[in-house]
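Both complexes shown next keep chain A, but they swap its partner, so chain B is in the first and chain C is in the second.
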Partner chain A sequence: MNLSVDITNESEKSIVNLSGEIDAYTAPQLKDAVLPLTKTPEHTVEIDLENVNYMDSTGLGVFISALKSTKEHGSKMKLVNIQDRVLRLFKITGLDEIMDINSAIRGGSE
Partner chain B sequence: MEKFDFVEMKVPAKAEYVGVIRLSISGIANRMGFSYEDIEDLKVAISEAITNTVTHAYNEKDEGEVTIGFGIYEDRLEIMVADHGGSFDLNKIKDDIGPYKNTESVESLREGGFGLFLINALMDKVEISNNYGVIVLMTKYLSEAEVGFDDDQISTTQ
Partner chain C sequence: MDDVIKLDAANYKDLLKHYIDTQDEKSLYGVEQVSKSFIKNHILPEEIVNLHIQALAELYPEMSEKFQHSMDFLLEAMISYGLAHQEFQMLREKQYEIKSEISVAASMQNTLLGTTKPEIEGLDIGIVSVPAHQMNGDYHHFVKGKDGSLGIAIADVIGKGIPAALCMSMIKYAMDSYPEDSMEPKSILKNLNRVVERNVDASMFITMLYAQYLPCEHKLHYASAGHEPGFYYDAEKGTFTEIETKGLVLGVSSDAEYEQYELKVNKGDMVILLTDGVTECRDGDRFIESEEILEVIKSYEDLPAQEMVNKVYKHFERLQDFELRDDFTLLILRREV
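Presenting the complex of A and B:
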């Protein structure tokens, strides 16, 4: 029921590895971790959601604020390795049209 | 009267209990025979309903309780989420819900307020009462394949 946030900083990009569940309890922690990364111009924030097995609208809210912040500061955000169940919420809300989302799981050809 | 089992839970209106209720509904829905996909939908829907209660009704003050009732029927699960700590403007919420459109500018995106939209999208029936605090009543039916009866009774007499 918890979320772990692991950030690797490279010169032009930060990779955020998430693992666990994003809900009303863990979303503030995610927001605190991700928002500062979006404030550097030209920086790319890549968020890896492969190990996020639950997310609800509180998570969508965090990604919306992060997206707004990227537009404000001239940075970029990518969501990668997103699971089908989580991707579904982005599709239902239409956010998949607005955000840079890559759902292909590594080595996921079954 | 239609027979059903009823399970009631009461938890503090705090964000850390949303996950606890999610585990409970997962267990109940699994026992009823819901599919993996439906159970995931139920988990999101109930979390949204409780999150609304936790953040709207109590303004994040650590007080108050949320009552959750599960009506377990042969063909469906009814979930009631009730708070008695105040109410929020339902019409305003209804105005705020709906999917995003491609044409909307990023600046206009709402960061919250689509909990109810998701509940509507994921459940078969949703009713909201705003008379005594806020009560959300939502229903999810077991699909015929999951229930596993009546599927060999299609009339072939024509």
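Presenting the complex of A and C:
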């Protein structure tokens, strides 16, 4: 399964639209796309996960390193439209409490 | 080796002559054998063309000059193939070396991280832990405390493969260094979190559930660092409930605190601990729901804990066509008396 990463840059914000699966094979691609965006101070990186139905723990690793990078560089990361199955992973790992996360608006939130 | 070549060269010439005269299938089979022997002896393709040219020259001295030139041309064309073939051989040998080095590392990991399932009266324990690849990113560990308590750690390192496995050793040695009487789950996790946060790459993290069973009080104390929740089986009611925990994965934030929970374990009850390799099993494109895992566990309820975990593993191994996507660890703890 593939992951497509689509980035729209605005002046103070980058919107990253993801679609597909995030696993050990696609995680490096995600990391290469997202990590550089977190290195601009005051910048917001909004990641839309509406079309991501599967993510494994390697994917979490990418978001963790992105979070660490936002802290280091004074930028922000927001995860929006997370599907239930993926959200569960953020909840189990306790990451939902330290990340800015909005669950899915469509496709059945809790 | 030269003898082999000489012998095969003579053989080649005879077979060639025979084939030109008769177009007999037998000589084709013969040349197949000769070429296998050449491959075995690392004879390069251009050498075979050369052999062909010599054989032809001996058999048909009156061969046209133009044809001879064309054969020399072919010889030249084969040389790059020969080089490519040599490179392939070299890579094959290297790959073999790497493979054997990894298997040495894997067996070293087993030795370093080895833990023995303790025998504790009144407690039946079953554990299965199978890596998806050569090295295991899952980890479990038993510690028998001086006070008769049993400490159980079950963990999953994210970041797979060799780096994950190396990281596990660090965790194990950190745990080994704690004095035996201060093994409270929440303080162990708090402590390990600091070790991991300081020493591990930003995208790597560890989930762990640490439980401590007190046989005298029949109580389980536990705390979780973002680990896949386990299940509790109530033997009297015949029902499973998810063991709810809260806590951040190890290695993300240096000041994380962990909550500790307590569970009373009645006779016949079971505590089931696992890693996401179990809950993320797939049947084709379909995800296995946790109810399904619990049903399978329940179907083996009458067996001793070790046989139960073995059977459950076999079940999911078969379901996934014997190809694990992730390391699989399942631990069952049952109070017998």
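By our rule, the second predicted complex is superposed on the first by the 104 of 110 C-alpha atoms of A that agree within 3 Å, B and C clash if a C-alpha of one lies under 4 Å from a C-alpha of the other, contacts with A are read in each partner's own complex, and residues count from 1 in each chain.
Quick note on the criterion: a contact is a pair of C-beta atoms (placed from the backbone, for glycine too) under 8 Å apart; a residue touches a chain by one contact, two chains touch by 3 or more.
Note that this is a predicted model, so its numbers are computed, not measured.
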TODO: May I ask you to decide whether A:69 touches chain B, chain C, both, or neither, giving the answer as first, second, both or neither?
DONE: second
Task: Which of chain B and chain C A:56 touches, first, second, both or neither - done: both
- [ ] Could you look at A:21 and tell me whether it touches chain B, chain C, both or neither (first, second, both, neither)?
- [x] first
Open item on the list: If we overlay the two complexes on their shared chain A, which of chain B and chain C does A:92 touch? Say first, second, both or neither.
Closed with: both
Open item on the list: Let me check the overlay on chain A: which residues of chain A are in contact with chain B and also with chain C?
Closed with: 24, 56-58, 60-61, 64-65, 67-68, 85, 92-95, 97-98
Task: Partner chain A, residues of chain C touching it in the complex - done: 156, 158-160, 201-205, 207, 225-229, 246-249, 252-253, 256, 276, 280, 287, 326
Task: Touch list for chain B against partner chain A, complex - done: 15-16, 18-20, 22-23, 37, 40, 43-44, 47-48, 50-51, 54-55, 99-102, 104, 106-107, 109-112, 114-115, 117-118, 121-122
- [ ] Quick one: which bits of chain A touch chain B in the complex? Just the residue numbers, please.
- [x] 1, 21, 23-25, 54, 56-58, 60-61, 64-65, 67-68, 71, 85, 89, 92-95, 97-98
Task: Contact footprint of chain C on chain A as seen in their complex - done: 24, 31, 56-58, 60-62, 64-65, 67-69, 85, 92-95, 97-98
